[in-house]
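Presented below are the structures under discussion, each in the form of structure tokens.
You will see chain A twice below: alongside chain B first, and alongside chain C after that.
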Partner chain A sequence: MRPVRLAWLLLSTLFLMGFPFVFGSGGGTSLLEQIFVFGAFAMSYDLLIGYTGIVSFGHAMFFGTGAYAVAIVLSKTGGSTVGLLLGFLIAMTISILLSLVVAFLSLRVRHTYFAMVTLAVGQVFFVLAGSQPLRPLTNANDGISVLTPVWLNSNLAVYYFILIFLAIVTLFLHRFIHSPFGEVLRALRENESRAKALGYRIFHYKTLAFLLSGLIATLAGGMYVVVESFVSTSVYDIGSVSLQVVLMTIVGGVGTLYGGLIGAGIILWLQNELANLAGSYPVFNHAEIAFGVLYVLVVRFLPNGILGTLKGRKGRWRWTSQTFKKSQT
Partner chain B sequence: MMSTFFTLALDGISNSALYFLMAAGLTLIFGLLRVINFAHGGLFVWGAYAATFLYSAMHQFWLSLCAGILIGGLLGWLLERGLLTAVYGDGNQQLLLTMGVLILLSELIEIPFGRDPVLATVPPILHHSWVIDHVTIVAYSLFTIGMGACIFGILVYLLQKTRVGLIIRAGVNNQSLVEARGIPIRRLFTIVFLLGAALAGFAGALAGPYYGSITPSMGMDMQLNAFITVVLGGLGSLSGSLIGSLLIGLTTSFVSYYTPSFAVLANVLLMTLVLLVRPQGLFGEGEIV
Partner chain C sequence: MTILEAIEISIGYRGHQVIENASLKLDQGQFVSLIGPNGAGKTTLLNALGGQLRIQTGDIQFEGKSIANWSADRRARAGIGRSFQAVHLFPNLTTEQNIQLAVQAKRRLRLHHLLGKVDQEVTAATRQILNEIGLLHVARVAAKALSHGDKRKLELAMLLSLQPRVLLLDEPTAGMSMTETPMMLKLIAQLKATGHYAILLVEHKIDMVMQLSDRIVVLHQGHILAQGTPSEVMNDQEVTNAYLGGHYEGIT
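Right, the complex of A and B next:
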């Protein structure tokens, strides 16, 4: 089993490393860059929904904050490397404070409050980013175009920068969910009152999970700016970011980590294709409805997503084949 | 100065009436079913479009209000019977599923009516306004307040004085005991969900002429304010919804007068203040982790 997994990992790494050389730095590569950014974002969301069992409908507040902080600092410093670093640092600081405040407000009571409060707070950021009084900072509804540092000016450099970011995030999350801390998170997801009875301070664990998830989402938002060189209020949008990341995570498979990456790939690719189709056939102008239908169908009929269902099937196959072997001997 | 204050206050109270209709439905549904209906804004939008469409076609105001109630109730019934029954007891599935229905409802309404605002006209009977001592009194606002008050009265009567209300209150307190008495609680779930959904549809029907135009995205905005209202007032409490909607309605109206875009911010800050002191909301049950 292990060598097969290792081979897969090597193959996919080689494929992703070589992709821009084989296919050039055109549409496919820029789609991949977006998939990496949203994949990291979706994986951070899976830490929350899949491993801690709490649903947020406002994860865009982190993604958008990361994007805006990096964009604002970059544009004020004229696109220097120091500006990029400083932008990420400021973004992370805001993200930590924000997650602590939101957690303190909504995680002390039953976690259904959390879904409502995050939705409302997310919307506040959307409104703030587009508001006129903050125009000197955010440029209101016009958005900010940014200059990235010189070493990030080629498409290849951006591609590898994002790929390395994704690799680090994946490695970190993988280690994290298999750590004792991750075990406790899963324990309180499965049976909160039992975890509480065992003496785990649920509020602290949930808050830390939310903080980490928000931090990674913030970094993904910053990376989005590196890819797009542009930021507008759409990074705070409920429909196109907060709910999109929910869709990506559940399509890929809640609680599978890599599912988020797969989901991001599928959704962004579909979006791209549908946008192309809408360009030539006006029938596809309302294609977004496909995502609403997909969302409901997945939640209702495929609650474990693609990866979760595959894993379950494999597990069942292994179980039945083993018992079959045992009964034969 | 005083006249502006009264004008804004009146405006705020009529806002509150709409928020109350939304919040009351959410709170009733949550109290009994333990489901937070994230599709509530979708029911609101469908109610608004149904009423507006019917009014522009037939010019029967009362009929259009009924259409809003009917479409809300019908969608609620379909949602509860068709989707929610499968996920009772699984909180996260419920959140995700109802949110999906909201997306679907908002997108579906765009197909026939488009994304642009659709004009909703006030019926001639209510198309009046008076200026008394510089205070502007709009007839339709008064009508909205009256409707909100009526619904509050009916709900209180229903819950306190009727047999169904008694069963609902009992179900909120102890579901298994109600079931043990041989009362089909699932049927009660459907009735309460339908009632809450119909209220959302009714709020939509009222909101069309109140705001003057309707858009598919107004469901999400309305839902946000309704959520802030119930979180602030305390989920599951009808009086909490009333007080919450008054606070949020008035804040919206006063803040909108100075900086329109900051109304949501003010509402969330208000909610933050309340949650800092009472994490379960003003009238909420003390279920604290």
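Right, the complex of A and C next:
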């Protein structure tokens, strides 16, 4: 690892670890918790859109399923540690099955079709979560308040729990995209028919990417419950989850991995500020408008997102310095 | 011994018939050229053999087995390698990554690769190929930033990394400059000399075709007009009339 990058990593780790001590466990810390959860979620999404080149409009199906599975099991087990573990295990099992089913239904055909199917499946979950017949399980539109295990009762404990989760997810994804598998996924994004002509089983690789992406999104959903101690149908919402994650990834930079984290940070922070402003100026109740404007601005002026633009500058500089050297010899 | 065979195949795009009842045979170690005017259907025929296109009637056999229903990736794994008329690379990946992907394709990825690194043998093989083909100095350059000649070389290097038994080459010198072309000709001649490959070459450069081919197949408006040794084909009255117009220097 280059010294600059190592220094950045150390600094940000120290900053995040020390944050609650310096700023207390109030608003800033709980905003960070949300950013960690959605950052992991957005990074999982980048695995699809940025590294494999497939677009899903229903990533909330995983996030929501993770949240509901953990919430339901926790509430049925009275908030025990075993319940928490079991909830995550069940969530992961459902997530794997779900991604396999959706993949078999739609990943073999055109990508536009896949995007539509994910949109529809996501909506099905939204309706199911709010439906009356399932009330004994989901509490329908009223949502579920959950008790978390005792060791997670302090704000500080939750904060570090989520931070560790984020660190593990980041490490996992970092290793994965730099593995031989990650390279094949990038090849698919670049030129699918060429990868096929080399002998790669395209469908298997896409399914794997979708499965892993879904699994991490599911875990992020479960973590959301740990943070909020509450779940409602909003975790399946298209606008505030499925499309939000697209926006986070685009703002941060598609295909940059950490961009998702940056995007999540900016959008959640903005959302928070707007909500505060809305207290005194009701105009700011319509945060979606601000996000619409943000989206247009980013696509127009920073098509590679924030991190993508920064990386691109560096990349271009390196490339020109190399060609310069070559032309000299 | 025949390794790849097209038996009376027909192909069309949405009703309009491009190849009709074409049969073609490629023997082990043989060098066959497919020639014909623009739009004759040469690329289409190669796409059918490589699995990029489905045939409507007839059959395609590889080592005596029907492979008409095999996908392109399965055919590649079985040993049918395909190069493309238009440059067809992973543009934003480096030269090295492009070749590495081709080297990796033959081997199965296993669970430990999920979070691991590329195998040492793969990187070593990649380096060796880069060196042999003369692309080591641009190993870290994105494929899209290479010169056209280097892109063509890279394409061929990727194809050879698959260790195929059949090479389907679609105008490997297309778009190459006067200085780059001889290098590609030499490479192809070397490939032939190894005797490892059955080669089907689509090419407009008649001199090259005459020199290298064991057999020549002439395609004209989707039909096979003639096939035989270079001298047989050149003396064929039908070919002379329909395609060569009496003097073959005219076509390049």
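Here, the second predicted complex is superposed on the first by the 311 of 329 C-alpha atoms of A that agree within 3 Å, B and C clash if a C-alpha of one lies under 4 Å from a C-alpha of the other, contacts with A are read in each partner's own complex, and residues count from 1 in each chain.
FYI, a residue touches a chain if its C-beta (ideal position, glycine included) is under 8 Å from a C-beta of that chain, and two chains touch if they have at least 3 such contacts.
These numbers come from a predicted model, not from an experiment.
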Can A:106 be said to touch chain B (first), chain C (second), both, or neither? first
Which of chain B and chain C A:202 touches, first, second, both or neither: both
Taking the superposition on A as described, I'd like to know which of chain B and chain C A:147 touches: first, second, both or neither. neither
Which partner, chain B or chain C, touches the larger number of chain A residues? B
Which of the two partners, first being chain B and second being chain C, lies in contact with A:277: first, second, both, or neither? neither
Who does A:175 touch here: chain B (first), chain C (second), both, or neither? second
Touching A:187 in the superposition: chain B (first), chain C (second), both, neither? second
Between chain B and chain C, whom does A:31 touch in the aligned arrangement: first, second, both, or neither? neither
I'd like to check the shared interface: which positions of chain A are touched by both chain B and chain C across the two complexes? 196, 202
Give the list of chain A residues in touch with chain C in this complex. 172, 175-176, 178-181, 183-184, 186-187, 190-191, 193-202, 319, 322, 326
Of chain C, residues touching chain A in the complex: 50, 52, 71-74, 76-77, 82, 84, 88-93, 97, 100-102, 104-106, 109, 113-119, 122, 137, 140-142, 145, 158, 162
Give the list of chain B residues in touch with chain A in this complex. 36, 38, 83, 86-87, 91-93, 95-97, 99-101, 103-104, 107-108, 110-111, 220, 224, 227-228, 230-231, 235, 259, 261-262, 264-265, 267-268, 271-272, 275-276, 279-280, 284, 287-289
Hey, which residues of chain A end up touching chain B in the complex? 49, 53-55, 57, 101, 104-113, 115-117, 119-121, 123-124, 127-128, 130-133, 196, 202-203, 238-239, 243, 246, 250, 286, 288-289, 291-293, 295-296, 299-300, 303
